[in-house]
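Letters A, B and C name the chains as they come in the text, with residue numbers starting at 1 for each one.
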Amino acid sequence: MSAPVPEADVVLRRVTKAFGSVVAVNDLTLEIPRGIFLSLLGPSGCGKTTTLRLIAGFEQPSEGDVFIRGQRVNLVPAYRRDFSMVFQNFALFPHMTVTNNVAFGLRMRRIPRAEREARVREALALVHLAGFEDRYPKQLSGGQQQRVALARAIVVRPTVLLLDEPLGSLDKKLREEMQVELRQLQRAIGITAVFVTHDQEEALTLSDRVAVMNGGRIEQMGTPRELYERPATDFVANFLGVSNIFEGRIIGRQDGEARVAIGPIQVSVAWEPGLDAGGPVRVAVRPEKIRLGAPDEPGGLPARLRHVVYLGATTHFYLEGPDGGSLVVHVQNVSPDTALWTPGDKVSCHMEPRSVFVLRKG
Amino acid sequence: MEWLLRFIRTRWAWALVLPPLLFFLAFFVGPLLYLFFVSLHDVSQAEMYGTRLTMENYVRIAGDPFYHFIIRRTLTAGLAVSGLSLLIGYPVALSMVRMSPSRRSLLLMVLLFPLMVSNVIRAYGWIAILGRRGVVNKVLGDVGLIQAPLPLMYSLETVVVGLLTILLPYMIICLLNALLTVDRNLEEAAQALGAGPARTFLHVTLPLSTPGIASGLLLVFLLTLSAYVTVQLLGGAQSKMLVSLVYDSVMTFVWPRAAALAFVLLAISLAITTLMLKGIRPQRVQGKG
Amino acid sequence: MRKVSWTLRIVTLLSLVIILGPIAIVVLVSFSPSDFFAFPPRGLSLRWFHEFFRIPSMRAAYLLSLEVALTASVLAAVLGTLAALFLARRRGAVVGLLNALFLSPLVFPTIIIGVALLLFFRRVGMPILPGLILAHALIGTPYCIRLVLTSLQAFDVSLEEAGQSLGASPVRTFFLITLPSIRPGLLSGWLFAFIVSFGELNTALFLTGPGVTTLPIEIFAYLQFQGSQLVIAAASTLQICLVIILVVTIERLVGLSSMVQSR
């Protein structure tokens, strides 16, 4: 078995982790390139936190291998692995001042005092907490505590920074501020970061790459745009935003595109292996990629409007399609007269070209 | 090799528990087993115990009406003390539940303090009160109500009163624990459904406090069984209980008999414990079937 | 309704009187200037305290009680902390059994522990003083376990993981992070074991010997066989004062109510 490519800071190869009869992580393979901000995204119980803890060394894999900077670390205990972690509840040492908290990792690495003090000052400045050196954690607000936790984690300059839903206990506004700060910090020091969250918006905001997890496996990994525009499975499509799903039939192929019949209309999807003429196919389209038109406008799927929700910047339309299935359409309120449909109206739904994608079951 | 390292890594916590475990095995479980072992032997003049395995020590106790009498008296005292402590302790616990937390903490401290004072001192207190030259007789004599000092000591009643006041804090604390876990909302729900304070107490509070009642009764009863010094000082030779007989037997150093008697005491303790736990079934209240 | 709460109050007051009364009387008696007990007391005097320190057997018993309590409580604190660390992290049937085992001296008839240990120590030839210390350590350990456990349960395990993520080995993590956090529980447990040992009777009854008695046993012997009980009152008051000081200290450290309400 060859060692993995050195450019990947963290590699998990065919890792399985079972707790008794519960399999938390199932045959997972993951390569995290250097300097990337990766989010592990998924519902609770999907195995994202377990995966993080496997990288940290707080859990040992039942099967498979974990590599950090090319070195197999299965047998290396957590305190000897080169990482640091930011915890959801901050985990600041209550009996130590901010300075001592931040300096702890440096003390463990036997960094001499002068250098320690300089680096602590630097880290605190980076998180905008200069002047808080002698405070105790209980004297700090939630946001300040989180920043101390961050400073403590980055001051040791680890290979990889692990974050376990660190912004979960902050209120919305603070969370959004911290997201921006966190991202800027990560870019500034160029560290590889693995971020666990169940909030898809947070994942999309922060990450270079997102790995969507479900039932202990990675359903799909890619850039935020890839995941949103081209979700590979039902699960990913529904976890990241909303989709309208249709059962269609492939009727032909033409220049790298396949023609699919959905009810009375036809759409084009990018062709991929496995799409055979005459065969069934599941396709989906995002709600903002559908345009509503007059019921007699040709080329659109006929539907009847059931429910309208006005949200200020957008209007959400809930419709009933020709076969009884439900449709969701989001429309930007570009002008005050945009989309003044009322429930009961008949409309036609036009999909934007090249916006329909194929779904694999899962 | 890797398997071994993993095994050690996940099981290292067991090394923590080894010292206390060995200590308990060596100085608790071991000696008790040895005591039981000795109780199953015949008496010997020269050695601590003879060579023959036998049940005769237990048979002796089972057949002797004197022991029956003492055991009956012991159980009566135990029931009296635990029953009375429940009757008196419950109102106290109730009033403590309704206090402000700071007041309650203060009262708790006041209740815990006497538990730490040695029982011999607390028994001495009662001697100072009920003795021939004690407070009661002194006051009554000075006032002229009595000519000669009242013999208030050395009776079963004295022992019960003494034990009651010594063990009452235990009962109060057990009850308090249980009552504090009774959700205020449940009582309010009952009242919203039309139950007055008395009915709410009877149908909601009281049943939910059963675990506390059970553990309180059990604790007080068990402590009564073991309270040698108090029984000796307040009961004298007239009111010996099973624990006094155990002590006397041990002091004769006829080990097989003493050991058997000790285990009779233990057996009674276990029987009471099982009865109490089965009978009141605290688990049901805690929602565990 | 008001009648009920008044009844409750009266019962509470009466209970406090009967619980604390005897102790108060003892303290009062110890300051009595005369040879016999006069009620109401005719003045205060420290003569019985002087008397107490004058009698060699009393002095010796007091010192021995201190010595035994100190050693036994330290031993109990160490064993208790180890046990508590284990019990706090592990689950399972075996752990439940161990939990029951370690806490059983609290409900087990201590008189029988005394008998069993007397027999055992005779058999193996254990000298008196170490035997007594071991017995008291056994009795004190459950209290330490209880108190350290409450501290541990409030302690956040992620603090230890944070320490490890920063490079601290398990041993360093314990001393630098865990120990400071459980210090209140540990200290309280130690003090509790101390008081318990100091006032302990049921095992001391059997495990003390000629020249090696604890203060409670000495008091008991005096009450049974000798006159002059007022010296006993002084001895008792000394223990009572010790208890008050320790109880207040523990309350400051850990809040007694927390210890009692952990189930």
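One rule holds for everything that comes next: a contact is a pair of C-beta atoms (placed from the backbone, for glycine too) under 8 Å apart; a residue touches a chain by one contact, two chains touch by 3 or more.
Because the structure is predicted, anything quoted here is derived from the model rather than measured.
A.B. asks: Chain pair with the most contact pairs?
C.D. replies: The chain pair with the largest number of C-beta contacts is B-C.
A.B. asks: Give the identifier of the chain nearest to the protein's overall CA centre, each chain being represented by its own CA mean.
C.D. replies: Chain C is the most central one.
A.B. asks: Using mean CA coordinates as chain centres, what's the gap between chain A and chain B in Å?
C.D. replies: The separation of the two C-alpha centroids amounts to 60 Å.
A.B. asks: From the C-alpha centre of chain B to that of chain C, how far is it in Å?
C.D. replies: Distance between chain centres: 17 Å.
A.B. asks: Where the centres are mean C-alpha positions, what is the separation of chain A from chain C, in Å?
C.D. replies: So the centre of chain A lies 56 Å away from the centre of chain C.
A.B. asks: Multi-chain contacts only, two chains or more: what residues does chain A have there?
C.D. replies: 77
A.B. asks: Going by the contact rule already set, what residues in chain C reach two or more other chains?
C.D. replies: 170
A.B. asks: Residues of chain B touching chain C in their complex?
C.D. replies: 12-14, 16-17, 19-21, 23-24, 27-32, 34-35, 38, 48, 88-89, 91-92, 94-96, 98, 101, 104-105, 108-114, 116-129, 133-135, 138-139, 142, 164-165, 168-169, 172-173, 176-177, 180-181, 197, 218-219, 222, 225-226, 228-229, 232-233, 243, 246-247, 250, 255, 258-259, 262-263, 265-266, 269, 273
A.B. asks: State the interface residues of chain A toward chain C in the complex, per the touch definition above.
C.D. replies: 56, 58, 77-80, 83-85, 87-89, 91-95, 104-105, 108-109, 152-153, 156, 162
A.B. asks: Quick one: in the complex, what on chain C touches chain A?
C.D. replies: Spelled out, the residues of chain C in touch with chain A are 156, 158-159, 161-170, 172-173, 177, 180-181.
A.B. asks: Quick one: which bits of chain C touch chain B in the complex? Just the residue numbers, please.
C.D. replies: Result: residues 1, 4-5, 7-9, 11-12, 14-16, 18-26, 29, 36-39, 78-80, 82-83, 85-87, 89-90, 98, 101-102, 104-105, 107-113, 115-120, 122-123, 134-135, 137-138, 141, 170, 195-196, 198-202, 205-206, 215-216, 219-220, 223-224, 229, 232-233, 236, 239-240, 243-244, 246-248, 251, 255-257, 260-261, 263 of chain C touch chain B.
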